[in-house]
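First chain A sits with chain B, and in the next complex the same chain sits with chain C.
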Partner chain A sequence: MRASRRLNQVYGWLLLTPAAILLLSFTHYPTVATLWQSFFSTGTALRPSRFVGLDNYRFMLEDEIFWKVVGNNLLFAAGTIPVSIALALLMAVWVNGRLPGRALVRMAYFTPTILPMIAVANIWLFFYTPEIGLLDQILRSFDLPTRNWLGDPDIVLWCIIVLAVWKEAGFFMIFYLAALQALPPELEEAARLEGASRAYYFRRVVFPLLMPTTLFVLVNAVINSFKLVDQLFILTKGGPDNASALLLYYIYEVAFSFFDDSYAATLTVVLLAALALISLGQFLFLDRRIHYR
Partner chain B sequence: MAAIQVEEITKLWGATRAVDGVSFAVPEGRFVVLLGPSGCGKSTTLRILAGLEEPSSGRVLIDGRDMTRAAPAQRRISMVFQSYALFPHLDVRENILFGLKVRRVAREERERRLARVAELVGLADLLDRKPAQLSGGQRQRVALARAIVSEHPICLMDEPLSNLDAKLRQEMRLELRALQRRLGMTVVYVTHDQAEAMSMADRIILMRAGRIEQEGDPDALYGRPATLFAASFIGTPPMNLLTLEDGPEGAVIAGSEVKVLDGPAEARILGLRPEHLRITETGGVPAELLATDYLGADTVISARIGSQRLGIRVAGRYRAEPGAPIRVAWSPEHLHLFDARSGRRTCDASGLSGTDPAPVRIAATASKGGGS
Partner chain C sequence: MTAAGRRLDFWWALEAAAAWLLALLWLAPLLYAFWAAFHPPEYATRFVLGAPLTLANFFEAWSQAPFARYFLNTFLLVTSILAAQFVLCTLAGYAFARFAFPGRDLAFALVLVQLMIMPEVLIVENYRTMSRLGLVDTIAGIGLPYMASAFGIFLLRQTFKTIPEELEEAARVEGCSMLQILWKVYVPLARPTYVAYGLVSVSYHWNNFLWPLVITNSVETRPLTVGLAIFGAPESGVDWSVITAGTLLAVAPLLLAFLLFQRQFVQSFMYAGIK
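And now, the complex of A and B:
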């Protein structure tokens, strides 16, 4: 009896091992190594790396560009998250109803998700290009003044936000669509019999029942708003004057353009800590208000 | 006046006729059951009454007004769903009050009705629970409470007891019926369970393949089934339907020799309920016992007469070995005859005994015939 239980435990560990090795070597070890490195200076041929305590963090607090990209990133998050979630819900409700060519509409909404971000950025680059881009061509045909969309520090970030919303909303729609289809149709019939309008039914029944999905989508949207930076490589390279640089892109620049490994590690630690805190907060705060079946 | 009047409704799903020219009336304050096997159109009919489906043709009148195209909420009906359709994120109180809040009933009025209904169905202590924390029976009561609290005169029920276990179902049957009487509700109740229909209904509408097979009170459906289908659907175990053929003196049960009816068989089918058959020492029709099924209060015996199998229900325990010879007898008033081709009842037992005394003397004839 005891021997068979021990054997079971061995099997359990054996089954967990492959995934555990991958996670440890590519997620947990790099995380710890990053944290470790953030307390050291970047070594050069002449000055080897040495322990500097919190010096890197102190430098970060005085780094104007850091604060600039944090501000950009917060604006980017505030611009993309609510809009893409609202749009996703709206599209899901629409394509869940009866309409001709429903499958086609669903597919159309989902297409941006399956395209690689680099390809998406190239498409939008064509939209945004001054003078010959789609937007400017449209503006010109109405005799409106054209503009350099990605060259203007005041609007470049908004251009990036629009692109991100376009890319993400379809992805989130799929989750809402699945959740909507899991709702038993009798609930709507029961509400109709009681005389509830569609809006009332949506507010009192559908939306609360979609909350688990909303939380999931929200967590993903927040993480994506810090994670999705591929488009910057194609469109702006963070410019002009860092007006469109986001935190992760800045980390990339610090690490691979300026080769300041330790400072990049420091920024990474801050990014990870912020994401962990946000996710934790979402789960703790929203979980109490969510009904799980 | 009839609370609900259904006139020639038909519902097409593509080429299929789910409901095919159905008409009936539901008198006010009555308990009417739509009974039938799955796929017979009874649920579709109910959903048409509720306004959840539109009929392809025909009219639905509620309180004398044409409601065929009216929205469900305008019909002043409530409905209990088979799945209960409770809102899983709302507690019992909010589930019950959902409709009243939609209709903006004043707060004091809501509380008054809630207290009364919760008392009525025995949910007073569970108002703060979520549906997931309730047992099947309790959920059923919430669904019922939600229907009652609306104080609509008509309540539609779609197999509301089918998700409960057998014992609870029996209890709820009595409770539901008592509640309906007490509140004077008009109920249209859909079920495939004939026992449920028999025990609760004032009136049963038996449906098959989208049409009404027979309509009447439980006595009529049990005592005078209009068709072979009605005969086999009502009653457990079902009525024995025995093919007749021509014997030397009159009609005999196929494969046997003893006359059971005067005159030729004329492709008729003899219907006899298991509970109306007796086992006798002398007389009757000889049969071979195949098996016994002891159920406690009674025993159901499977037997064979000629080529025909039949069930016999006797009180208490009946002990016999398979293969034993027995004699089966019945009284003429319990005899049903159907036309094999149309499936319709050809004449009834009372008419038969009046015009032709032969079946009365079956026992005697059989004992005399036993020697021949």
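And now, the complex of A and C:
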């Protein structure tokens, strides 16, 4: 019996090994290496990389673009997360109800999810193009002043936010829809018998029961707000004057346009810290307060 | 009909109209893309009923960029990632679900780290690794960081845990080896999980952009998304109608699959999300 237990242990590790090697090489090792690299200078042909302590971090704190990008990212998160979650819930309630042609409506809501961001950015570029773009054409037909949507630092980030909401809401809807379908139908009947209005039933019964889903969607939405940068490559390249640059995009620029690996690593550490903070917050606060199986 | 009933009907109609309006708004970009792609360039920004239809934009797009090659690259990328994910995640999921080995819980926690720190975040360091391995600008280089997927391991572990152990015992009595048990008992019973995970993975990697952009630099390896980004760049001087035609070409297979198997897609995303 003991021999078979030992054998089982060996088998367990053997089965795990292929996946473990890849995970260690492309998730754990680079995470640690990024932290390590952030304490070194970027090596050049003449000057090899050397230990510089916290110099990269000091440089980062004085880097105006860094603060700009962090501010942009926070605004981007604050703009996309609540709106896309609220819309997702609304969509789910509609699609779950007795709406005529609801299969078609559900498909319409969900379609942006399966389209590549690059492709939809190509299409949205036309909406935002000055003068001949769709938005300006609509404005002009009402005799309103047109604008340079993506060229104006005050509105460019909002254009990106609208696109992100459009792209994400349908994806989040799916999870609400699943949760709504899992609610026992007796609940609604009981509420109706008690004479509760639809709004009351939703606010006091459905919404609290959807809390685990909201948490799940929220965590996903927060992570996405650090990850969704593809559209910038097509629409703005982070411009004008970094008004629409997000953290991950800035990391890409520093690493692959300015070839400053160490500074890119330092910025990545900030991004990793943000992600770690999110998971810590999820673990400490939300999981405890919301009953979840 | 009572007054209250009529008022309810009115609100209900209003809500339905709002739902439809939102649906139309959500489809508008795609509808516009179809309009521009199927009409001559002079109608790209002019919406006139009865504008002549044409396929010229598609031929133009196809001839201006190596789309056939991009399609092949994306196809190779998506299938190789999926195949590797199925094998690796099945083995690891089975290990976590049915084997007691020292360090299992720690290992599982370390696997879950990847749910939070996705390969996209580690582009700088992973690029260095790939150049050390000589895998820059190869399809394997694009795929490798994604092949051991924490999400897949987690999904399959959850599924395997629900399969009754008596089935495994029975198979063992019949003389099946460990891998035979996995292949004949666990894998067939987890089919819905494979379908759901497969659809999610294929749509993710068909659409993935940042890492492929970083790691590729030639037509021979570039997937569709990266090719499309270069094709659509304003510097390329290609006009609207052709860009939208190219865009539709790139999304067509996935869009078509989605329209045909809509229910399956929606259910897969749902299923993968709830687990």
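Quick note on the criterion: the second predicted complex is superposed on the first by the 291 of 293 C-alpha atoms of A that agree within 3 Å, B and C clash if a C-alpha of one lies under 4 Å from a C-alpha of the other, contacts with A are read in each partner's own complex, and residues count from 1 in each chain.
The rule we apply is simple: a contact is a pair of C-beta atoms (placed from the backbone, for glycine too) under 8 Å apart; a residue touches a chain by one contact, two chains touch by 3 or more.
Small disclaimer: the values here were computed from a predicted structure and weren't measured.
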item: First (chain B), second (chain C), both or neither touched by A:Leu134; value: second
item: Partner with the higher number of touched chain A residues, chain C or chain B; value: C
item: Partner chain(s) touched by A:Met60 [first = chain B, second = chain C, both, neither]; value: neither
item: First (chain B), second (chain C), both or neither touched by A:Ala196; value: first
item: Touching partner for A:Ala265 - first (chain B), second (chain C), both, neither; value: second
item: Touched partner set for A:Thr31, first chain B, second chain C, both or neither; value: second
item: Touching partner for A:Ile223 - first (chain B), second (chain C), both, neither; value: second
item: Overlapping contact positions on chain A, where the chain C interface meets the chain B interface; value: none
item: Residue ranges of chain A in contact with chain B within the complex; value: 184, 186-187, 189-196, 200, 204-205, 208-209, 291, 293
item: Residues on chain B engaged by chain A in the complex (per definition of touch); value: 50-52, 71-73, 77-79, 81, 83, 85, 87-89, 98-99, 102-103, 130, 132, 146, 150
item: In the complex with chain C, residue positions of chain A that touch it; value: 5, 8-13, 15-16, 18-23, 25-31, 33-34, 37, 91, 94-95, 99-101, 103-120, 122-127, 132-134, 137, 166, 170-171, 174-175, 177-178, 216, 223, 226-227, 229-230, 233-234, 248, 251-252, 255-256, 261, 264-265, 268, 271-272, 275-276, 278-279
item: Interfacial residue positions of chain C with respect to chain A in the complex; value: 15-16, 18-20, 22-24, 26-27, 29-30, 32-33, 36, 45, 87-89, 91-92, 94-96, 99-102, 104, 107, 110-111, 113-114, 116-129, 144-145, 147-148, 150, 153, 178, 203, 206-207, 209-210, 213-214, 224-226, 228-229, 232-233, 240, 243-244, 247, 250-251, 254-255, 258-259, 262, 265-266, 269-270, 273-274
